[in-house]
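Just dropping this structure here.
Labels A, B, C and D are assigned to the chains in the order they are written; within every chain, residues are numbered from 1.
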Amino acid sequence: MTGQGVAFAVLAAITIISALLVVTIKNIVRSALFLALSFVGVAGLYILLNAEFLAAVQVLIYVGAITVLMLFAIMLTQQIMSAKISQTTEWFWLALPMALAMLATLIFFFAMRTYPVNPAPDALAVGTTMPLAEALLKPYLLPFELASFILLAALVGAIVIAREEKPGATD
Amino acid sequence: MQPINCYLGVSAILFCIGLFGVMTRRNAVGILMSIELMLNAANLNLVAFSAYGPKHGLTGQVFAVFVITIAAAEAAVGLAIVVNLYMNAKHVNVDQVNLMKW
Amino acid sequence: MNDFKNFIPDYRYAVLAPQILLAVLALAVLVVGLFTDRNRKSKLEHYLPPDYLAVCGLVAVLAWQSSMLWRSLKAGEVVQAVKLFPTSPGDPLSPSLMVMDRFAMFFSLIAIGGSVLVGLLSIDYFRKRDFNRGEYYSLLIFATLAITLVAASTDLITIYLSLEFLSLCSYVLAAYLKGDRKSSEAGLKYFLFGAVASAVMLYGMSMLYGVTGSTALSAIFEGLRTAPGDLAATAWLAVVLVLAGLGFKLALVPFHLWAPDTYEGAPTPITAFLSVCSKAAGFAVIVRVLDIGVPLPQNGLGGVDWFSVVAALAAITMTLGNLVAISQRNIKRMLAYSSIAQVGYILIGLLAATKSSMGMPGLMIYVFGYLFMNLGAFTVVIGLSDKTGSDEIESYAGLMSRSPLYAVTLTLFLLSLAGIPPTVGFLGKFYVFGSAIEYGQKLWPLVALALANSVISVYYYFNVVRQMFFMPAASKDRISPSSAIAVALLVSLAGILVFGIYPQPLIDLARWCSVVF
Amino acid sequence: MDSWILTTITFTPLLGTIVLMLIPREKVSAIKWTALLFSLPPLALSIILWFAYDWHKGGMQFTVNAPWIRDIGVYYRMGVDGLSVPMIFLTALLTTLSIIYSWIINERPKEYFWLFLLLATGMFGVFTSLDYFLFYVFWEVGLIPMYFLIGIWGGARREYAAIKFVLYTLVGSVAMLLAILAMYFNVTDPATGRHTFDMMVIAAQKPFAHAHNIQSLIFWALFIGFAIKVPVWPFHTWLPDAHVEAPTAGSVILAGVLLKMGAYGFLRVLLPTLPWASTHYWTAIAILALISIIYGALVAMAQTDLKKLIAYSSVNHMGYVMLGIAAAVSPIAAVNLDNRAVALNGAMLQMFSHGIITGALFLLVGVIYERAHTRNLNEFGGLWARLPLFGSIFITACLASLGLPGMSGFIAELMVFLGTFKASVLFAGLGTIGIVVTAAYLLWTIQRILLGPANPKYEKLLDMDGREILVLTPLVALMLLFGLWPAPILQIINSSSVQIARLFTIGG
């Protein structure tokens, strides 16, 4: 097995096992930490796929921002931190076969198909960061602008919803 | 490099784990985490196709950047809603909001 | 810097003026709101209250959008569509991220018009509750902006982004009544279902990208046509996943589970917005995706048979929506289920449009009319719950003696929803069902089912009518609408009657706008 | 006067509704007079129409043709022939009389008369329109006011009856809509080369002439639409409820006009447009008609509620209409053009005469119910002595209803049976059972109400007042007039009957 193969296997294992832990363990704080680990695994896969910029973004935003945000939310809504209460619904035994069926479908009809792609592109291809920046600021300028508006709206919305109203602040 | 199917397989597994979590998690933050897993699965597809495809080009990566942005916005809004519900109802468990009610 | 000109907005980007105006308006309302919501007695509140600013601004944008559409129509066949943001600049044939065609403008018109009415409905609603109006209206306008972008998007990236834009604004708006537990739950449900749906849709999109190598709808179309047989099932799966995400926006059964609770819990103007404007966005995008993005297999060429999938969704959507609506006691929930059923009917137009020239105009006429009839019904609901404090259907007892205006107009809106002539609801049904008949006998059973459902729907619509006219009133107090509500009411009423009795202009408009690029 | 008369007839009541909206609801008297005022021009014009219609020439006259929805070729097409002229007169007459009778309505009068005028517009529209789209619009417009009339001013179970009426009728009309659309896409107007909703063009083109399966499908869709309205057994179950619960004037309109819309549909749409299917299924129509006749009569006999009795007698009487229609389309070669025309004349005359007779009977029920507050047959007795005027008119109407010679009902039924006899002796024979039973229950009713020992409870009842006499006189006069001298009406309807009959006569 090549070094790349080993790296892939390790990263895939990290990603999948942490993801599994995210959805199964009871303590929601640990769950969030495993989520971060899973994201790191995905970032590693991005590097294997020559997407260094995305890997960096992945670590910064997912691990650095989203997971932390979630931890904050967990802290703010303390009750759910307690490891004692059950974290799963009674849907478990219905969800398991459904998820497995979906998995079988995806593996067979999606992952195991032949795609019109290079079977093995050069592993040491030039970095994609520059062209990515070009793409984002040239043809994809509009979505780029749009994303900024989305972030603004989300920010306004999040603040307005989560902000604690002072009682009697009316008039 | 590994064949693309390996990445797609990881993505499929990740997606289904997310789906499973969405269906079984009781509290809203847990569901949100599972949703993030699903988004990551989709991103992995996009990046993989982008890296392998002769004609796929960079579009997949561009898409993935936007997805990450949206995921951040979504997490912010979602968590705000969760906190808001907690302030009103003192819990964030979806079965207590009678989610599956007709 | 040879390609510098590609950065400079082409003059044709003036077609984005309504979108730019909406963005500016949203920011302006946000800023004004920051000053007025803190201090209700300020001069700014007196001269420029954010709610009136928002409504007037929306009216202005509506006028602008209408004039643009009008100019496009006058230009005849020449300027039907403006391609914006080509994915590879310099190549005129390359697919673009957005197309400002008449179809997009038509749906923008519906979205902006709907927002004007929703804005009118919100004025009293939020003044009474004393909430952050600046943020509310700016989010409403952002959501409207998102719909106009959805309608114009021709690339999976822009579709995903603008749909998420719309969703994020809608989640917040649904949860906007902060002290109200029902509203918070409504927001949470909407958010969770929406986020899952969009993740599923995104996964489907990533698969489509893998199969076809592109995110542009026109390229996906070609890609699916020529995709190797090995990938046929993958493509089908991908389209189904994308449909699941769009089905969420349209509240198709079985992706409708959020709808009743969200409709009941959300602030009523937002319920109206979700049931009309947000659905219009759903229709615009499902039409565009299926019409220009996913070919039906024919003539030995490849494709994805989405026809039977959509037909099955339409059938169960209309049936389940109707059957469950019967037992509802809360009028918002009843309207929620009825709007689920209505989507089922409208989808028939989409199916028929693959062969019948009446299909696409029918769909558009229906959505256009639906704007007036559903918003009209919600106007009455809002006006009444302001006065009676109840959304239960039983609280409508004897309304005729308390407020003939509300009773008669609500009856007309319900008749229109039921598809009784001479209202615009009948015209929409007539076109949609007519197109399905024209399509051929394959769709006849679906039309028969839809008509049977229409009869069922009369039962629960008339249940409200029965309360209003046959039952004795609980109190003798007269109820009269506020001026903002009255304006919205009369506009909606005019909409269902004028276009019902003299429909030719609406039909012409729908025909001119029914070509999708 | 050629082009505006039908429009005026149809829309004058609608104009009245607008005027009514401007009158404050406290001014009850003004409301009533306004309603009456706006019901009179259609009546006057319908009489003029009767005389102005050139029955020698026949065919559609007074036609209007203006584009409405260009996109799908919907026109504002109106016109009348021998079939619709008497129906328009019947509608106008019963509307006016109902409004006069309703002078006693003091509960929410504004809404009541508003709805009545709207109803009138719907009914006129159905009988005048020659465009399927227009026809369907008016068909539905007539439905909604009746829902309110039953639901607000009706009897104890009014809500149930109202919604049942609406749902049944709607089932029929959506089936009809499907059929209309299917026909629309199957015909092309030779003049324009486009699809058309023109009833006459579609009838001339004979859609699905060779696709018998589809023609059958369309036929049954239309059949259900019209049969529910007629109503033919087994689609009749809404009728007793609706009639019993409706206010008197509502019952009059319901029985007098709305039921005729179903039969009108058969004659205007079904027979001319789908002749193959009509002939093919003539036995089915005839058998359903016979069941309606016999079942209606027998069930009527079992009633103790006078209003319900008359309601079931409507099922019975409309059965004759259907029997006449069935006979006229029978494939039996022995039935010649004249036989068919006679059967159709009988059917059409029965439509008209049932309108005035049953209208009168429902009014009489209203008269007695206003006084005694009961409709139970067994509680009455000996009323003739107490109320001689009421008694005489009641007997007249009953005798007309059972088909006594000299009354309009007799001629109609006679013609139906003449036509049927040629087509099938068996059917004609079975039909006469209905006649016998009808005679029995009507005579029995007369006996129970008017004769025998008087119930002391009702000693102080007053005889009919001027308003009631005013309402009933024209109806009784017409029963006698057309019974003794049917030529004026037969001339007119014959011009239409012959046209339809020709379609079904080999070599005709």
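What we mean here is this: a contact is a pair of C-beta atoms (placed from the backbone, for glycine too) under 8 Å apart; a residue touches a chain by one contact, two chains touch by 3 or more.
What you see is a predicted model; the values in this text were computed from it and never measured.
**Student:** Name, by label, each chain that touches both members of the pair chain B and chain D.
**Tutor:** Chains that touch both chain B and chain D, as defined above, are C.
**Student:** Grab the C-alpha centre of each chain and report whichever is closest to the global C-alpha centre.
**Tutor:** C
**Student:** Go ahead and note the Å separation of the Cα centroids belonging to chain A and chain D.
**Tutor:** 71
**Student:** What's the distance between the Cα centroids of chain B and chain C, rounded to whole Å?
**Tutor:** Roughly 26 Å, centre to centre.
**Student:** Suppose each chain is reduced to the average of its Cα coordinates; what separation in Å results between chain A and chain C?
**Tutor:** 30
**Student:** How many angstrom lie between the CA centroids of chain C and chain D, rounded to a whole number?
**Tutor:** 44
**Student:** Can you tell me which residues of chain B touch two or more of the remaining chains?
**Tutor:** 8, 15, 18, 32, 43, 48-49, 53-56, 59, 62, 66, 70, 73-74, 77, 80-82, 84, 87, 92, 94
**Student:** At least two partner chains per residue is the criterion; list those residues in chain A.
**Tutor:** 106, 110, 113, 115-116, 140, 143, 147, 150, 153-154, 157-159, 161
**Student:** Where in chain D do residues touch two or more of the other chains?
**Tutor:** Counting only residues that touch two or more other chains, chain D contributes none.
**Student:** Touching pairs of chains, which are they?
**Tutor:** Those chain pairs satisfying the definition are A-B, A-C, B-C, C-D.
**Student:** Any idea which chain C residues touch chain D in the complex?
**Tutor:** 358, 361, 400, 415, 420-422, 426, 430, 433-434, 437-438, 444, 447-448, 451-452, 454-455, 458-459, 462, 466, 469-470, 503-504, 507-508, 511
**Student:** Which residues of chain B touch chain A once you look at their complex with the stated criterion?
**Tutor:** Touch list, chain B to chain A: 1-21, 23-27, 29-30, 32-34, 36-37, 40, 43-44, 47-56, 58-59, 61-62, 64-66, 68-77, 79-84, 86-87, 90-95.
**Student:** Which chain B residues qualify as touching chain C in the complex?
**Tutor:** 8, 15, 18, 22, 28, 31-32, 35, 38-39, 41-43, 45-46, 48-49, 53-57, 59-60, 62-63, 66-67, 70, 73-74, 77-78, 80-82, 84-85, 87-89, 92, 94, 97-102
**Student:** Residue numbers of chain A touching chain B in their complex, please.
**Tutor:** 4-5, 8, 12, 15-16, 19-20, 22-23, 28, 31-32, 35, 38-39, 42, 45-46, 48-51, 53-54, 57-58, 61-62, 65-66, 69-70, 72-74, 76-77, 79-80, 86-92, 94-96, 98-100, 102-103, 106-107, 110-113, 115-121, 123, 128, 131-132, 135-136, 140, 143, 147, 150-151, 153-155, 157-159, 161-162, 164
**Student:** Write out the stretch or stretches of chain A touching chain C in their complex.
**Tutor:** Residues in contact with chain C: 105-106, 109-110, 113-116, 138-143, 146-147, 149-150, 153-154, 156-161, 165, 170-171.
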